[in-house]
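These are the structures in question, set out in turn.
You will see two complexes here that share chain A, one where it goes with chain B and one where it goes with chain C.
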Partner chain A sequence: MNKRIIAFMMLLVLMVPVLAACGTETAATTAPAATATSAEAAATATSAETMPTAATEATAAATTVATAEATTGGGATSEIKIGLVTDVGKVDDGTFNQFAFEGLKRAETELGVKIDYIETIDPKDYEKNIEQFASQGYDLIIGVGFLMGDAIKAAAAKYPDLKFAIVDFAYEPALANVKGLVFSEDESAFIGGALAAMVSKTGKIGAVGGKEQVPAVKKFVLGYEAGAKYVNPDIQVMTVYIDSFTDPTAGGEAAKTQITEGADVIFGAGGQTGSGAIKTAADNDVFVIGVDQDEYNTTFKKGPAPKLITSAMKRVDNAVFEVVKEVVDGKFEGGVYFGNAANGGIDYAPFHDAESALPADAKAKLDEIKKGLADGTIKTGVTLN
Partner chain B sequence: MKFTRARGVGLLGIFIAIVLLFAVNNSLGNKITETSKIQSIWDFTSTIRIPDSAKLKEDPKAPPVAAIELPTMITISLICGALILVGGTLIAKNPERGWVAPYMSSVIGFGFFSILLWAVANNSVDLSDTLSRVVRLGTPIAIGALAGIVCERSGVVNIGIEGMMLTAACFGYAAAAISARMIYGESLPANVVKGVVWLPLIIGILGAILTGGMMAALHAWLSIRFKVDQVISGTVINIMAVGITGFTRTNFLLKFESPLRAGLPQMPLGPLADIPLLGPILFDHKPITYLMILMVIGLNFFLFRTVWGLRTRAIGEHPKAADTVGINVNRMRYRNVIIGGMIAGVAGAWFSLEGSFGFDDGMTNGQGFISLAAMIFGKWNPIGAFGGSLLFSSADALQLKVQAYNFDLPSQFMQMLPYVVTLIVLAGVIGRAKPPAASGKVYEK
Partner chain C sequence: MANEQQAPAETKKTTEPQPSKRRFGWLNEAIVPLLAILTAVLIGAVIVFVSIPGNKLPTFDLNIYGSRSDWFFSTIPERLRVTLSAFTGLFSGAFGDWTKPSTIPVAISNTLVESTPYILAGLAVAVTFKAGLFNVGAEGQLLMGALGSVAVAAFMPQWFGVASLPAIIHLPAALLAGVIAGGLWGIIPGYLRAKTGAHEVITTIMLNYIALQVMDYLINGVMKDKSATLQRTPFIHENAALPRIISKATDPSLTGGQAYPRLFTTTSSTWDLRIHMGIVLAFLMVGFIWWLMNRTPKGFEIKTVGENPEAARYAGMSITGTVVGAMGLSGALAGLAGTSQVIGLEYNLKAVFSSGLGFDSLAIALLAKSNPIAIVPAALFWGALRTGAGAMQVNTGISINLIQIIQALVIMFIAADQIVRWIYRIKQAEGGKITFNRSWGK
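Showing the complex of A and B:
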C-alpha cells in the first residue's frame, strides 16, 4: 500500500517538468502581448476618456471575446493594429521570424501602424496565439510559416471581418480575408546558381536539399541549377535531397560526397540540414551559398566566413511591409502576394568576407541577372508538376 | 515441397536480383540516346577510384592509386546471376542451417554494390570516401546498440535510447558552450587553430555522458523500483526528451552566445591514415569514432571474459539462479542500465559535437531506434551489433552517394533503403532473434 502511494507521488514528480514547461510556455506566450497592450493602452489613455474600454483593455491580457468585441465596436479609432504570430522561435532569431518582424517594424515607422507580436514556443499554440489577437480585433494578423496554414485558415473562418496574412503559404482556393505571402524561390536561387557557376573552377557544383516533396526546397534546387546553367551551360550540378530538415550531419556528409566527386561550390537549401551542409563544406575549404536569410548572420554567426559567397534570400520583410501597406491603403484583398525579383520579394545576400575571392564584376553581373529576371528577359524555366 | 525459411530467403534473393537486373537494363537503355559514343548497354563502364590519401592532402588533384574500370552491365549481370544461382540452390536443397544469413547478407551487400555501379555508369566514384562514410555514419548506431546490449543483457528493455541520445546531445552541447564561455569569455584566444579548443569539448562529452546516465537512472528507477512496464518507461523517456530539449533549445541555446565555433576535429593517425583505402576507412576519423571501435572491442571482452559480464548475462537470463548464488540482481540492474545510458550519452555527444556542431530539435532522427534493430541483428552481441550498424549506415551512405550522380531511382526510394534493409534483416537474415530470457521482466524475490 505504502509503495503505491510512493509510486503515485513519483508519478506526480515526473509530471512536474511537463507541467512546468506548460506553465512557462503560456506565461511566455502571453507576456509580450500583455505588456504591449498595456503600453498601448497607457499611451491612448490620456486622450481616451471617451473610450471607457481602453482601461479594460489595459488589464485584460487574456480578454474574453465579448469584451474584445466591445473594444473594437467602441474603439472608433483610426489606428490600425497589426499582430504578428511567429513560428516556433523568437523575433530576433535570425530566421524568417526576424525578417517578418523587421518588415513590421518598418511599417510601424513608415506607415504609423500599431504593431504587436507573440512568439510561439510550441506548435500546438498557434491557434491560441492567433486567437489572442483575433479576439482583440486586430486589423491584420500575420502568421509566420507554412506550418501555421491550418491555424490561420480556422481563424479566418471564425473571424471573417478580420484580415489575415501568412508567410510561405497560399490557399487553394483563395480565402477572401487571407493573403498568402509566397516567393519565387527559383528566381532567388537562380542568382545564387549564377554566382556558383562564376566561381567554380572544376565545372561541378553541388546542392543539398531538404525534403524533396516540399515545393520550396525543390524550387530552390532547380532554380540554382538553372542559374548555374545560364552562366555555364556545361556545368554539372550534383543534387542530394535528404528526408529531414533537422539532420545537419547527413547534410554535411552529403556535401562531403559532392566535394570528393569534384564539386567546389555547395548550396544548402533545407533548414538545419542545409546549414549543416554549408558549414561542413566551408570547413572543407569550398565556397558555399546559403538560403532563405543571409546565413552570414545565422549559420555563421556574423563570421568570419570567408567561404560564404552569398545567400538566396526571400525578403519576407518586404512582403510583410507590402501587405501592411495594402491594409493601410484600404486595398487589401484575399489571395496571394508573390514575391519575386520584380517587386523586391527575393534578393541575394551581400558577399561579406568572401568579397575579395570573387571576380570583380560579380556584383554587376548578378545585378544584371536580377534585372533580367525582374523584367522577364530571363526566365528560370522552373516548373513543378 | 515445404515452405521453409531457407526457401523463402532464396525466393526473396532471386526476386531482388531479377528486379535489379531489369531496372539496370531499362535505365541504362534510356541513357544510350544521350551520348553518341555508347552504342549499347554493354558499352557502359563504371570506374572505381582508390585515391592516394598521402598525396591528396597537398594536392587535391593527385591521381588515384588505382582506377578500376568495370564494365557496368557485365559486372551487374554476373552478380545477379550468381545470386539467382545460389537462391535456386537454396530453394532446391533446403539446407537446414548456416546458409540463410550469409546468403541474405550477400544479397544486400552485392545489391548495394550493384546500385553503386549502376549509378556511376559512365562516371567514376571514390571508393574510400564511400566506405569511410559507412564507418562515420555507423558510429552513433553502433554506440546506441552497445547501450542497448548492456541494458538488455542484464534484463531491462531499453527503448529509450533515442531519448537518451537526444537529451545527451542537447546538454552535451550546452555543457561545451557554457564551459567555453566561462573559460574564454566572449571570444577564443587568437592562437587557437581552426577554432578547436579541447577542454570545453571534453567537458561537453562528459556532460553528455552524465545526461545519458541521468536519463537512464530515471528509466532504471521507474522500471526496477516501481516495476513500471519497461517499454512504457522507455517511451516516457523518449517523449520527455523531445520536450526537454525543445524547451532548452528555444529558451536557452538559441540565445546563448558561445565563443565555440567548431566541434571535435579530424584526427588522422599519423602514417596509418596514408595507407590507400584502409587509411581513410579505419585511421582517419574524429575521436568518438575511434572510441566506438574501442568500445565494441571492450564491451565484447567485458561481457564474455569478466566476472561482471558473467553476472550481467546471468541476471539477464535467469535472475533467480543468480540471486541464489548471491548476486544482488536489482543493484546490478541499476548499475548496468545507468552504464548503458552513459554509453548512449556518448552517442548523443557524437550528434552535437562530432557529426555536426550545434544542437537542433530532433537531430537524432530515429537513429536510436535503428540502433535497437542493429542490436537485434547482432543477436545482443557487440561484434554482431557493430556489423548490423555498418549494414544500416551503408544504406545511408549509399543513398547520399548515388543521389549526387543524378541517379534514375527517385530520392525517396533511396531514403527508404535503410528501413527496407531493417525489415529484410529483421525478417530473414538473423533467423530467430532470441533475446536474453529475462529481458523485460521485473525481478521479484
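Showing the complex of A and C:
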C-alpha cells in the first residue's frame, strides 16, 4: 500500500526538475539581455516589441513587460516577421504546402525576413493557428489553401492592421489587407495536355482529379483536355474525379482502369490522390504528368523517372515570394495576385529522365504554346459555370 | 466513488486493515494513467532532443568539430534548451505565457473549447465501455448530431415560413435535434447487437462511413449555401446559437448577417474568447452520467450487463433494453458533441467537419478508465496538447507530429499497463478493470 504512495511521491519528485526548468526558461525570456546569443530569446523580445502597436488594448501589466523587453531587446526593430499556416499536411509533403514554404525560405535568405510556420493537423484548427501568429503581431500571415478562406477573412477583419495572403483563393469584393494568390491552372494544364497529345500513340489519354468541387482541380482537368484537343482534336480524354486529396490507392486504381481502357498518358491533379495515380501509372509503364510543382523532385524523389514527361506547375513559391517582397518594400495592397503564363506564375516542368522518349521538337512546341498563352493568341476556353 | 466500484474486491481482504487505501482510492485508479502520461512525455522529450531541426543548431562543419560525435556533444546544451522550449511552448500555447498575463485567458479558453467535444464524446464511449460494448461509432454519431442540429438551426424558420423563431424555442429545438439524430445513429447498432448479434464494432464502423457520405451528400446538395465558395451549410440563425461566454461584438457581415449571442460583451482583446456554453453542457453531462451510473438502478443495470450478462439475465434484467439504451445514450452524447461544435463554435457545418474527434474519444475513455469524472482531466490533457502544438512549432520548429506520437504512446501505455507497472514497480490493482474486451469473444 505504501508502495503506491511512494510511487506517487516519486512521480512528484520526477516532475520537479521539469517544473524548475520551466521557471528558468521563463526567466530567460523576461531578460533577453542575459541570453543575447540565443535566437529564441531574441525572437520573443521582437514579438513583444510589436505588441504595443498590435494590441493597444492589452492589459497594463502586459504592456509594461513588453516595453521593458523592448528597451533591453534593442537593435532588431526593423525585422519583418512572416507566419505561414499550412493546410492539413506538412511543409515537406510535396504539395502546395511545401511549395509555399520554399518561396518563404527564399524570402528568408534573400530578403532577410524572419519566418515561422504552423502545420495544421485538422481543418478546425485553421482559425486557432492563424490567431497564434496574429496575436503576436506578425507582419504578414499566409494561409495555404482554398479551405482557409473563411478563417483568413475573419482574422483579417479582427486584425485590420496586419497583412494576410491566401493561396488559391480570392475574395469578391477584395479585402483591404488580404492578397489572394490565385493561378490560371487551366493554362498550366493546357501545356501539359498538349504534350500528352504529342506523345500518345493510342489517341486516348486520362486524367485523375481530386475533389471536383474544388475549382482549381476542375480547371486543371479541363485545361488538360483543352490542351490535348488543341494538338489533336480527335483525342479521347478520360477523366475521373475522386472525392479525396489523401487517397493514393484510389488514385492508383483509377489510373489502372484508364490504362486498361487504352489510355497511355495519365495526368494526376489531386494532391496525394493524384500523386498515387501517376506513381501507379508510371509503374504500369505509361507516361505521366504531375501537377502543382515539379513532381520529379517530390513524388519521384529526384528520379530515375523515365515515365514522368512533365508537370503542370503553379509557381506558388514565386507568388509567396512576391507578396513577401511587397511587404518588405512597403508596397503591399489588398487584392489579387493572378499567376499566369504572362507573368511566370505558371509553367511546365523540365522533362528530366523522359527527354529521350519525347519528340525532338517537343520543347520548342511547348514554348510556342506558352508564348501564345502569354500573349493571348491561344485561349484555353476553360470557364467554370 | 472509485471505492464503491472496488467494493467486491475489498471484501475479500477485510481481515487486513487498510486505512490508507480508502483515503487514496482515487490514486490507485489514477496512478497508471498519470505514469503513462509522464512516460510518454519523457519519451517525447527524448525524441525532440534527438530530432531537432538542423536550422536551430550550429551547422556540422568537419573543420570545426572533427567528427559527427564531437558535433553532437557540442550541441547538447543547445539541444536541451530547444527541448525545454518545446515543452514550455506547448504549455504557453495551452495555458498562456505566464510572463504575459494578457495571453492567459485566450489560451485557456482555446484549450477548453478544444476539450468540450472531447469530454462529451469521451463520455459517450465510456458509457458503452461500462456496458461491455465497444462503440467505435462516436465519429458517425457526432456527424449525425452536427447534421441534425444544423438542419434545425439553419432551416427551421423556413419550414414554418417565418423569418426567425424565438431563442426559447429555436435553441432547445436545435440541441434536441442533434441529440436525437446522434441517439438514433447509436440505437441502430445497439438494436442490431441485441436482436441479431451483429457485432457493434463492425456495424458502428460501417455506420461511420454512411454518416460521412450522407453528410457529404447533403452539404454538397440541398443544404449547401449557394453563395459560398466553400462546401458548407448557410450560417445558423442567431436564435439557435449557444451563446459565447465573453467576447467582442462581431461584425455580422462575416457571419452571414447573423449577430450571434454572448453572455458578456467586451471591448478588450484579452477577453475576446471563443469559449461557449458547450463547456457548461459538457460539465452537466459529466455530472448526469456519474449520477446515472452510480446512483440509479439503470446505471447498475448497465454495469451489471457489462460485467456479467448471464448474471444480469438471471437477475431479470433486460439485456436487449440495456444494450439498446446504452448505445442510444452514447449516440446522444456523441451527437451533443457534434451539436455544440456547430451551434456553439463554428455556426455552420463544413464538408471538412469530420476531424477524428470520435476516434480520439476512444483514447480519452481509455485514459479515463471509463470513469465519468476522470473524463474531464483526460479530455483537458488531450485538448491542451492540441492547443499547445502550434506554439510549440513556432518556438522550436519541431513537427506537430510530436503531439500525435505522445498521444499514441499514452494510449499504448494505458492499453499495455503491465509495461507501466513493470517500469514503476506497481502492484496489480484489484478490480477497476475495463470490461469492454469481453465483448470481443462473443
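Just so we're on the same page, the second predicted complex is superposed on the first by the 305 of 385 C-alpha atoms of A that agree within 3 Å, B and C clash if a C-alpha of one lies under 4 Å from a C-alpha of the other, contacts with A are read in each partner's own complex, and residues count from 1 in each chain.
Methods note: a residue touches a chain if its C-beta (ideal position, glycine included) is under 8 Å from a C-beta of that chain, and two chains touch if they have at least 3 such contacts.
These figures come from a predicted structure and were not determined experimentally.
Enquirer: One more residue to check, A:150. First (chain B), second (chain C), both or neither?
Expert: Second partner only, chain C.
Enquirer: Could you say whether A:116 touches chain B, chain C, both of them, or neither, answering first, second, both or neither?
Expert: second
Enquirer: Counting touched residues of chain A, say whether chain B or chain C comes out ahead.
Expert: C
Enquirer: Just to be sure I read the superposition right, which of the two partners does A:132 touch: chain B = first, chain C = second, or both, or neither?
Expert: second
Enquirer: Touch check for A:336: first (chain B), second (chain C), both, or neither?
Expert: Once the two structures are laid over each other on A, A:336 reaches no partner at all.
Enquirer: According to the stated criteria, A:244 is in contact with first (chain B), second (chain C), both, or neither; which is it?
Expert: first
Enquirer: Touching A:124, do we find chain B (first), chain C (second), both, or neither?
Expert: After superposition on chain A, A:124 lies in contact with chain C alone.
Enquirer: Going by the contact rule set out at the top, does A:174 touch chain B (first), chain C (second), both, or neither?
Expert: neither
Enquirer: Please work out whether A:90 is in contact with chain B alone, chain C alone, both, or neither, and reply first, second, both or neither.
Expert: both
Enquirer: For chain A, what residues appear in both contact lists, the one with chain B and the one with chain C?
Expert: 7, 10, 14, 18, 21, 90, 121-122, 213, 243
Enquirer: Please give the residue numbers of chain A that touch chain B in the complex, ascending.
Expert: 7, 10, 14, 17-18, 21, 24, 28, 88-90, 93, 121-122, 206, 212-213, 238-244, 246-254, 256-258, 260-261, 263, 272, 276, 279-280, 283, 301
Enquirer: Considering only the defined contacts, which chain A positions touch chain C in the complex?
Expert: 1-5, 7-8, 10-11, 14-15, 18, 21-22, 25-26, 29-30, 38-40, 48, 55, 57-59, 61-62, 65-66, 83, 90, 116-119, 121-125, 128-129, 131-133, 135, 146-147, 149-150, 153-154, 157-158, 169, 213, 215, 243
Enquirer: Would you tell me which residues of chain B are touching chain A in their complex?
Expert: By the definition above, chain B touches chain A via 125-126, 129-130, 133, 136-137, 222, 226, 236, 240, 243-244, 246-247, 250-251, 254-255, 261-262, 351, 355-358, 360-363, 365, 396-397, 400-401, 403-406, 411-412, 415.
Enquirer: Give every residue of chain C touching chain A within the complex, in rising order.
Expert: It comes out as residues 18, 20-21, 24, 27-28, 31, 34-35, 38, 56, 81-82, 84-85, 87-88, 91, 93, 97-103, 106, 110, 216, 220, 229-232, 251, 254, 267-270, 272, 341, 346, 350-353, 355-356, 386-387, 389-391, 393-397, 399-401, 403-404, 424-427.
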